[in-house]
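Okay, structure first, notes after.
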Amino acid sequence: MIAERWITLLTLAGFLAIPLWALAVDEPFTITLATRAAILALAAVGLNIALGIGGMVSLGHAAFFGLGGYAMGILAFHAQSFQPLDLGLFTIEGTKSMPVIWLTAIAVSALAAWLIGLLSLRTTGVYFIMITLAFGQMFFYFAISWGTYGGEDGLSIYVRNSFPGLNTLVPIQFFAICFVALCAALFFQWRLRASPFGLALNAARQSEARVATVGLSPKRLKLLAFVISGAITGLAGALFADLNRFVSPTMFSWQLSGELIILIIIGGVGRLAGPVIGAALFVALEHWLGGLTDFWHVWLGLILLLIVLFARGGIVGLLTGKAGPHV
Amino acid sequence: MKTILAAAATAALLASSAAAEVKVGMITTLSGGGAGLGIDVRDGFMLAIKQSGRDDIEVVIEDDQRKPDIAVQLADKMIQSEKVDVLTGIIWSNLAMAVVPAATAQGKFYLSPNAGPSPLAGKGCHPNYFNVAWQNDNLHEAAGAYANTAGYGNSFILAPNYPAGTDALTGYKRFFEGEIANELYTELGQTDYAAEIAQIRASGADSVYFFLPGGMGISFLKQYADSGVDLPVVGPAFSFDQGILQAVGAAALGVVNTSQWNKDIDNPTNAAFVESFQAEYGRLPSLYASQGFDTANLLISAVDAADVSDADAFREALRAANFASTRGDFAFGPNHHPVQTIYAREVVQEGEVFTNKTLGVALENHSDAYAAECKM
Amino acid sequence: MSEPILSTRGLSKSFGALKAASDITLDLKPGEIHAVIGPNGAGKSTLIGLISGTLAPDDGQVALAGQDVTSLGPEDRAKAGLGRTFQISALAMEDTVLENALLGAVGATRQARRLFSPVQRDTALTERAMTALTRVGLDKVKDTRCAELSHGQRRQLEVAVALTLAPKAFVMDEPMAGLGAEGSKTMTGFLDTLRAEAPILLVEHDMDAVFALADRVSVMVYGKLIATGTVDEIRASRDVQDAYLGSDA
Amino acid sequence: MSTILIFEQVLNGLQFGIMLFLMAAGLTLIFGVMGLINLAHGSLYMVGAFAAAWVAGATGSFVFALIAALAAAAAAGALVEIVVIRRLYRAAHLDQVLATFALILIFSEGTRWVFGSFPLFLDIPETLSGPVTLPGGIEYPRYRLTLIGIGIAVALGLWWLTARTRIGIQIRAGENDREMIAALGVDISKLYTLVFALGAALAGLAGALVGAIQSVQVGMGEPVLILAFVVIVIGGIGSIRGAFIGALLVGLTDTLGGIFLPEVFKLFMETGAATQTGSALASMAVYILMSAVLIWRPTGLFGARG
């Protein structure tokens, strides 16, 4: 059996090697696929902090993904149409600068996560799953009928936003940005998990009473984790929008929330490498099976079933021989 | 980097000196809900390619699952890896909005076999974007015009609450001269229309216009037919195409709908198309199939006239639209959207099969409302 | 006479028609072990819940070190100085022994907002945790996952986590359960020394331990306190004999 | 707006709610007894509709179609329980979510493989078609009245089953304590298969009944599934009574919200914007309802406390 640390490092090395190989043999689309996987992995890393460490099964994380996406879409839309965004009290100029967009995405989704978390954490278990779903759906329907930014048609941004010193239109450079963001998030999660906060949060998932008994509020721990989680998923949303140069309400859909959960389960709940392996595998399957047959969903379903039935703890669980945290 | 570029240039030279190879990327919906439309477009398109007997047109087909992000990803793949010259196939407006601006900005041609969102016809038009089907408002405008000729004076209109729905009702109102009894936006994907039908019953309208694509339309028509409300219904062809009619059944009989194509439109191309499509696939063609077929024939005509590597010449060849369309006369307006006749047709039963019969012309040589905004 | 550290006044709690606790008034003085005994279903667990803040009383007050804590939740009562152990172990079962003790140290020092520095590298916190583990004799199994501990070891760990809090008063729910004769003896000896640090409110079934340890004993039956006194007084009480010891022991 | 119209809309809301109840009852029963989150419940609804459409097409009989729907959904349910679900009772909720999601993929694309990509035809039987005139002059479709009747009959049947029969006692015991019921000598795995098949049959029945007035197509189950989850969460998971109340609440909120919210907005906005804003809010209405209920009562209206 393999130690988890090695799995994480090997996964990341593989994640880096494939696009570099693709660059060498001039397969730019493979780089795009790897970028997509990296961004989905980043979103799932965000969710994994809430779900894997804090035990909060959120079926509403698409809300943060979408908010990040629309933060990008709206700012870039106002930049490309040269009309400032009118917020009533004051106006904001649009921008095409990625760092500014990212900060906005993080701030907006963190704020939303704080509000949603505050209300949702009154509930637990399946009720928590469903109330987060409800908030996600509210955003979804709002985005569909909000004509100013395209409604269901979404918003197209014609040129990818810029990052100082890089040409983001070159696939490998944009991949580099996303990969660094993913590594940073993983490093953050690793430190977080080992910190006093991570210790307390992990204990709160297992026994709220225990945490309360040592004088800590499980709700407050979970709320902070939910905010951090939402912020990371929001950042991923902004990157995803930039990858596609397009945002639409599908980023808010419950199917996307479900997909993020599934990525994590495939890889391994609460494991550092879990979302990364899950996303890579999912994107690869989608691409490869989709090319084989129109009915590839059947085969995808069968593969997922096999993973649940025979690889408890996901791929990482299978490799390390340990079931991992119980949610 | 330099060597790669050079290699690409050499490859391009080689390709153009050989028989003018054209690579076409088709992104369409082949799985999940709405797959029927994509399959029809694909089948119509491939039928035309097959009939042309050419081997210099290569078509790469991919399934977008009706998800915008997948469509964008596939477009990237076709442009970056497959190095296609022409893209086509997208069914849904929101997917087209995601793909088309970026693709044309990268110098690719896009031929739309179905979606025609208004931004791409107006301010966002592009010299490399050609719509072979219709601008989204067209069939609704024709329905408004038909309602005038049918003598309706007070319409109850409804559509789902999303951009295409708003466009639909706007399009109808643009041509309809009577009163609007009520204007209703339903939920996207709604399946139960009892509440709306009750409102129709109470509204005092003399006609109903609805735009509810796919399963929504099936549900509405079945429930409407059973409700005992007997106001005449008008709709665009989307809820009455060949794939859907069998699922609606007798509930659709007699409903008038507007379409730029029908299988009984009298011209040799169309007759041959209907016959060969049935022979090839064992089912009647739908308007989506006819659009796919026309798109392929437009492409073939342009490939015959110009080399795709000479973008300006190829664009001119496309603009000329020098091909025999299943709709009869076909020409592009200044914004590369069709100027075409739109018909009113009625749902009839032929033996066991439900299908449409052309009643007459609803709008003659109709362009669209956005052409003036297009600057190119 | 010294002020009590912990006291309840007229605590009552009903679940529907069932009066699980009615008018409970007791106190815990510095340096003493005050045992609460009673048959199953007497309401002892309800009493612990009311004192530790997991249950809200219908009536009555709880005071800790002179402060009224009735309206506070369990985490705030812990902050106010209450160290509690559970009857059914409530530990982070997937975590190691050391991690559970560290949690206590983190809670006691209010450091849960530190997001970025590894807790195991913090010498102050680990020392605090290890000291507690050493005192209950769990230092040798510090890297064992809780789920793999015996019942008795879990009890000891519960006590160790409470120790890391350095509380003003302990409330212990059956710390002897599952320990076996030998373990019971060790634990009894340990609790005997612990009373000098902080008084203990001890709910316990093990009568030998109760009679060996307790300075005072309260007897609870059907949600009511029927007697409070020294061990000898309780042994001699006719009421207690009738209601409890007579039938049970 | 006339009283007749309002009354008719209330009937519509009731009918929608009662159909939701058929879905929600199975879902809540399966969760209550086995603790299983079954995302594939919507697929069983679809199976029922497709079986009904296929049999109706072959035989022309709506009664046969309903029988086929019940049988096919129950069989599919039992099969799924025996092959997959049985291995998941002790698994984490998350594993159940992934497995039943996988089942959705298999059912949906499998159905498309067999029946093709176009919707199927299923019609209201001749005897039930057309409107009837109710007291007060309301014209209301006979079929929808029948649906209300069938739904109430099923609700009563379920109440009778759980409250008055031996199997109901076993089901209720199973909700409380898995070991206890096994100790009573009940074959627990048979009981679970039976409950799962019963829930599936109810979903299949709903699919067939609704399929006749809607469109029988792949993917028809998922929107209903989400609403059914909303229903059981509002009602309190595991409670049949809660599911019934929750279903009616959701049905009425959805129907009446869609009608009245745009009218409310027309009072202070211009018509076009009002209908759009109102409709947008109406599509969120059931979710707003659910979150409000959960914020007020974190375990639903009739859920177990604590």
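A, B, C and D label the chains in the order they appear, each numbered from 1.
The rule is short, and it goes like this: a residue touches a chain if its C-beta (ideal position, glycine included) is under 8 Å from a C-beta of that chain, and two chains touch if they have at least 3 such contacts.
The structure presented is a predicted model; accordingly, all values stated were derived computationally and were not measured.
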For chain B and chain C, chains touching each: A
Maximum centroid distance from chain D, chain identifier (CA atoms): C
Which of A-B and A-D has more C-beta contact pairs: A-D
Innermost chain by mean C-alpha position: A
Where chain A and chain D are represented by their mean Cα positions, the distance between them in whole Å: 31
Approximate Å spacing (C-alpha centroids) for the pair chain C, chain D: 49
Interchain centroid distance [CA atoms averaged], chain B/chain D, Å: 35
Chain A, residues touching no fewer than two other chains: 141, 144-145, 147, 295-297, 326
Residues of chain C touching at least two other chains: none
Residue list for chain B, restricted to those that touch at least two other chains: 31-32, 35, 161, 166, 185, 187-188
All pairs of touching chains, each written as two labels joined by a dash: A-B, A-C, A-D, B-D
Interfacial residue positions of chain B with respect to chain D in the complex: 31-33, 35-36, 39, 161, 166, 183-189, 191-192, 194-196, 198-199, 201-202, 214-216, 218-219, 222-223, 226-228, 243-244, 246-251
Touch list for chain A against partner chain D, complex: 51, 57, 119, 122-127, 129-131, 133-135, 137-138, 141-142, 144-147, 254, 258, 261-262, 265-266, 269, 295-298, 300-302, 304-305, 307-309, 312, 326-327
Chain D to chain B touching residues, read off their complex: 1-2, 4-5, 8-9, 12-13, 15-16, 108-109, 112, 117-121, 123-124, 129-131, 139, 141, 143-144, 210, 212-220, 223, 255-256, 258-259, 262, 271-272, 275-276, 279-280, 282-283
Chain D to chain A touching residues, read off their complex: 31, 37, 84, 87-88, 91-95, 97-99, 101-106, 108-110, 112-113, 226, 229-230, 233, 237, 276-277, 279-280, 283-284, 287-288, 290-291, 294-295, 298-300, 303
Touch list for chain A against partner chain B, complex: 26-30, 32-33, 36, 141, 144-145, 147, 150-154, 156, 158-159, 171, 240, 243-246, 248, 250-251, 290, 294-297
